[in-house]
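Note sheet for the following structure.
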Amino acid sequence: MEKASHLSVIVDLSPTQWHLSAQASNQYPLSIETFLSQLLAFLNAHIASKHENTLVVFGALPGKSVMLYSSTELLTDDMPPLDANSYLPFKLVDSTVVRKIMDELDAIGKLEEEPPCALVGAVTKALCYINRITHHSSTTTGVAEDPTTLHDPRILILSVSPDLSSSYIPIMNAIFSAQKLKVTIDVCKVYGPDTVFLQQAAHLTDGSYIYLERRDALLQNLIMSFLSPPFIRKILAVPKQDKIDFRAACFCHKNIVDVGFVCSVCLSIFCQPLPVCSTCRTKFPINTLKRLNAARPAITPANSRMGVPLANLNNAATPRSTSTPVPNGMSNLR
Amino acid sequence: MPVQSLQNTDVILPQHTPHPLLPFLQSQSQNTLTRLYQRPSSCLSIFRLLGPIERQLIMNLLWLESAIPAATMSAWVMPEGKQAYDEALAVMAGLHIAPNSTVKLALNPTFKSSLRQAITGGGNTGSFGTPADKDYKRQSANIENLDAYALERWETILHYMVSSGQGQNPAKPSQGVLYLLQRSGLMNTAHGAILQITSSGFQFLLHSPHDQLWNLLLQYLHMAEERQMDLVEVLSFLFMLSTMDLGREYSTEPLSETQKAMLEDLRDYGLVWQRKASSKRFSPTRLATTLTSSSPPLPSSHSTGGSRAADATGTVALSSGAAQQGFIVLETNYRIYAYTDNPLQTAVLNLFITMKYRFPNLVVGMLTRESVRKALSNGISAEQIISYLTTHAHPQMRKNNPLLPVTVQDQIRLWELERNRLKSAEGYLYKDFASQADYEYVLAYAKQLDVVLWESAIKRCFFGTLEGHSNVRGFIERRTGAA
Amino acid sequence: MAPRNQDGNFMDVDSDSDISLLGDVEHRGKGKGKGKATDKRKKDKGKAKAKEQAYTWEASYTRSWDTVQEDEAGSLQGAVEDLMARGRRRRLLAPAAAIRRTIIRHLVLLLDLSAAMMDRDMRPTRFDLMLQYAREFVVEWFDQNPLGQIGVVGMRAGIGERIGEMSGNPQDVLKYLSDRSRLEPTGEPSLQNAIEMARSSMSHLPTHSSREILIIFGSLTTCDPGNIHDTLDACVKNKIRISVVALAAEMKICRNLCDKTGGQFGVAMNEGHFKDILFELVPPPAQRAVARTGGPGASNPAADLMMMGFPTRLPDSSPPSLCACHSDMKSEGFLCPRCMAKVCDVPTDCDICGLMIVSSPHLARSYHHLFPVKPYEAVRSMDGISEPVTACHACARVFSITASTAVASEGVSPWGRYRCPDCHNDFCAECDVFVHDVIHCCPGCGK
């Protein structure tokens, strides 16, 4: 019997990035309104595929993450009125998600400065949720569930923000726990530069990472690439990413580096030779330092290959406190 | 990816048997189907009945404005999935969802616009059922009541079937149901005027509730065809029910005459609840709202597909306290312990076991040669017994691998084989060959064709199947002609 | 009682827990003569068995149900919660010191595939048990030695048989060990042949990396073509450390192999003990040396800073080009970040510029040890909170409104709420365990 699949969608709702994305100077400007309407169609398509499919939507907002919708957690007073022309579950998703996003964005509008998006929080919540539903079935029956009856959990991250290098370790931890839970992480990069960490996330969990080039074809891309559960992907292929960047963030300056200095005791990564490991307080031999410092100039020119995009990444990662123009844009949604 | 390479590389698809309704739909004319596709709810329900690959293909095509070259789509197909892909396209062509074409792929425009409408909402077809106005005087039926009602209806039917031959007098279902049972060949009146369960009826009892329901509905559809009812109306009403929300009341006003007539029948099957026959409102039961889901959260004691049933309502409302996944423990000594207090389940078990003891919540019995042979002579096959025991195995049993003791499985099959010691086959006996060489030459040819059923070198003769006769005869004639 | 974690369907939340350095180190009495296992590092629950119950055949029937206590109402809820509370307390006591990881470790797993492995003195058979434990061992080993490599050699029918090449990918190694039918035991084992094969596969390795052989040996004989002591001397010369886990009894030659090369020798008394002595070999040898001389943080001659490059992986669909290591035409591969040469696999040293190339996720696998999530505090009382949150912050499970009265033990919240000391969000008990054992990242504060 074909099993139901579970999908957790994580939407990156960084107002700044969405504002930039909607600007007409882009080749394919995409505003959050259009994005949401296409996303909702995608969510409905997931529910439509199977009666038992479950869906959870998380929002990664500046500084916090919220659950926007859960198909198992329905509050009865949320029920929209019945309507002869639409299927109730679809309507429920649409209205709940839109209402929650509006509430949250309204709350943000009052903030002076925009903290970075809590993508990690959203991913870990999604994992906790998946852990709960996959374990739920086994605890109620009191035995190990037949593996064939388990859900087929997936996480889809719709990202617009660049890499947040300070969250390197938490995000890697989240990826490894997804690997353990056999959760596939798909990533759709809707706007902004490629993110190294999310590329690795998709690669390590056997998901696909797609950089959306034709942003006017968002819905078609979502459906072609992310709607199918893993077993269908063995028949109808989905695009995967091409290059995977295995760069890591250093512990000292949170730079994303391609050549780093690694402490042999705790494996901490540093972007320059240090006399003492800042993590485990191990002292390094002096001649090693000398040798490495001597070797360093040799790598600097090679490093410049990555130099330009790196600078951009770091700039973009720091929140821009100049304006928070998006709440105005968002008010059209209502 | 290393993860993938660890798993078996060949494609393991969950076994997907096409839904029983699909062949029926495929046998309908394009005109009928196109009329059906005008309703978003029907499109959505049919979409759900399709296999996973078909669904993905439809979704891929749904938002395209123009047809795409078939080669573009097939470029995405993995080599090992080619067959599954072709089969999926054939199904879609048969349903006139995507016309068969080797050049271009596109969805039927009616289907496309309706499914789009279903997913995005809007339009004014009203195909998802018009809700009734809130009735402040009377409280509408709550979900437990609906479940209890559906269960009671459904078990009445099954119980009637199972006990029909045993001189008991269970509650009789309504005339309409009896007629349907008779029409579908599940019961007949062979011995006098009393309805007797047939061998297909016995088989029916061992099916999953979901299969049983669709089986009956299919019969109903066939009957509707003969009764000159408009099939589009009948089907779309069923599909509408399947997209309705459990525990709500809907108005009968917008229904057509045919559909209003159907209400009565569906009430008898337990799909729909009405306060009274003349009521202007109705509520679908869980039987109806889960029509298009594959794992059946039937409101019954059989099984509740865990999460979903709990999702919709927050509670799993069940009768008779046997809410577990399964209730049967089978031991290697052929003993069966069934933790159930449900008379229907006991009766079904009684079809193939010898009862030993009965306690309020436990039935103990044995699988014996006699009991299994009795079942076999009733037309139940060994495989059906085994699959029934498998699907209803107690959670504790699920720790075993294999689930059922191999000895018992084999013995059940052996008991079945016992009955089949003689096999008849039509064919021709070839004898009186002139020489041993001739005989061997012809025999070798016949063996090549794989048509030899029996041979005896001593008697210099062999027996071939009917299909192979013309070839073998031609061969002999050519040979004698040549010699 | 069955060894723990036999049930593969449950996610193994313990699989990455550490062997604590400062944890209880016990000395086993040597009265039994046979099992001279030395320091026994107790990992966690279920291991205590090995101590009380000596030989499998001496043990009385374990009545697992007797250890479970029902409460007055006949419910097991109390017992279950007590177990959970114990788990929590164990975690709170866990040491917070940094744990040393080796960078490069090479291990050849030598499996006895002789007819002696079909003996049923360990359930189901020695062979099946060995495979099962070997798989668990590999997972645990890679967790703790992220940049190590394991090769597998079998000994059967008098010869050594290469089952799997050295690989740094746990999935590869698990695949070697998963095909039971290919490993069917037969014939006599040959220690010498197998050790020679393992030695030759490690001979090319650079001298600064550790080379180890781990032998799981079930037979009491070995059938060798030459003098095994010559092989032993060669191993000593090549600095190969040999450890043996014997399943039957102690053999002089095995003991010699271990003593001369500095490895460990142990005879498994029962299933649980087998696993214990096998898993004692997971932590790298150097780590133990460090632990004895005053723990990490003390000056450590082995500690060093190394320069490493993080490559870019090319997809299967990229235009094919020659790789620097084998000069093969290939489309997939990894680009050295310094000289842009293409290599086939990581971790490796770049053949052109000599930079050590590693995949950063390999390193990151151990970071959760460095920055553990702070233990959540059990919410003891709901007084003074006017509007408590209704659901778990992580999984949105709704909290119960009434306090449970059955539990009174420490570390358990009667409300089923556990609060992060940093972000002050409430989590349910299941998420508490999951966050600390698996995710290692608090969903509330994101670190």
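As written, the chain order gives the labels A, B and C, with residue 1 at the start of each chain.
The definition used in the following text is that a contact is a pair of C-beta atoms (placed from the backbone, for glycine too) under 8 Å apart; a residue touches a chain by one contact, two chains touch by 3 or more.
No experiment lies behind these values; they were computed from the predicted model shown.
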On a CA-centroid basis, which chain has its centre farthest from chain C's?
B
When the mean CA coordinate of each chain is compared with the mean CA coordinate of the whole protein, which chain is closest?
A
Return the distance between the CA-based centres of chain A and chain B, expressed in whole Å.
41
Counting only Cα atoms for the centres, state how far chain B is from chain C in Å.
47
Express in whole angstrom the distance between the two chain centres, defined as the mean CA positions of chain A and chain C.
30
Considering chain A alone, which of its residues make contact with at least two other chains?
144, 146, 203
Residue list for chain B, restricted to those that touch at least two other chains
3
List, in ascending order, every residue of chain C touching at least 2 other chains.
none
Would you pull the chain C residues touching chain A in the complex into a rising list?
7, 9-11, 15, 98-103, 146, 296-297, 299-300, 302-315, 317-318, 334, 337-339, 355, 359-361, 363-371, 391-398, 430-431, 434-435, 438-447
How about chain A: which of its residues touch chain B in the complex?
1-4, 41, 44-45, 48-52, 54, 71-72, 74, 81-88, 90-91, 94, 133, 136-137, 140-144, 146, 148, 179, 203, 205-206, 219-220, 223-224, 227-229, 231-232, 234-238
Which bits of chain A are touching chain C when the two form their complex?
65, 67, 70, 73, 118, 120-121, 124-125, 127-129, 131-132, 135, 138, 144-147, 167-170, 172-177, 180-181, 200, 203-204, 240-248, 257-270, 273-274, 277, 279-285, 288-289, 292, 295, 298-299, 302, 306
Of all residues in chain B, those that touch chain A in their complex
1, 3-4, 11-16, 40-41, 44, 47-48, 51-53, 55-57, 59-60, 62-64, 76-78, 80-81, 84-85, 117-131, 243-245, 248, 254, 290, 292-295, 305-308, 310-311, 314, 324-325, 395-396, 398-399
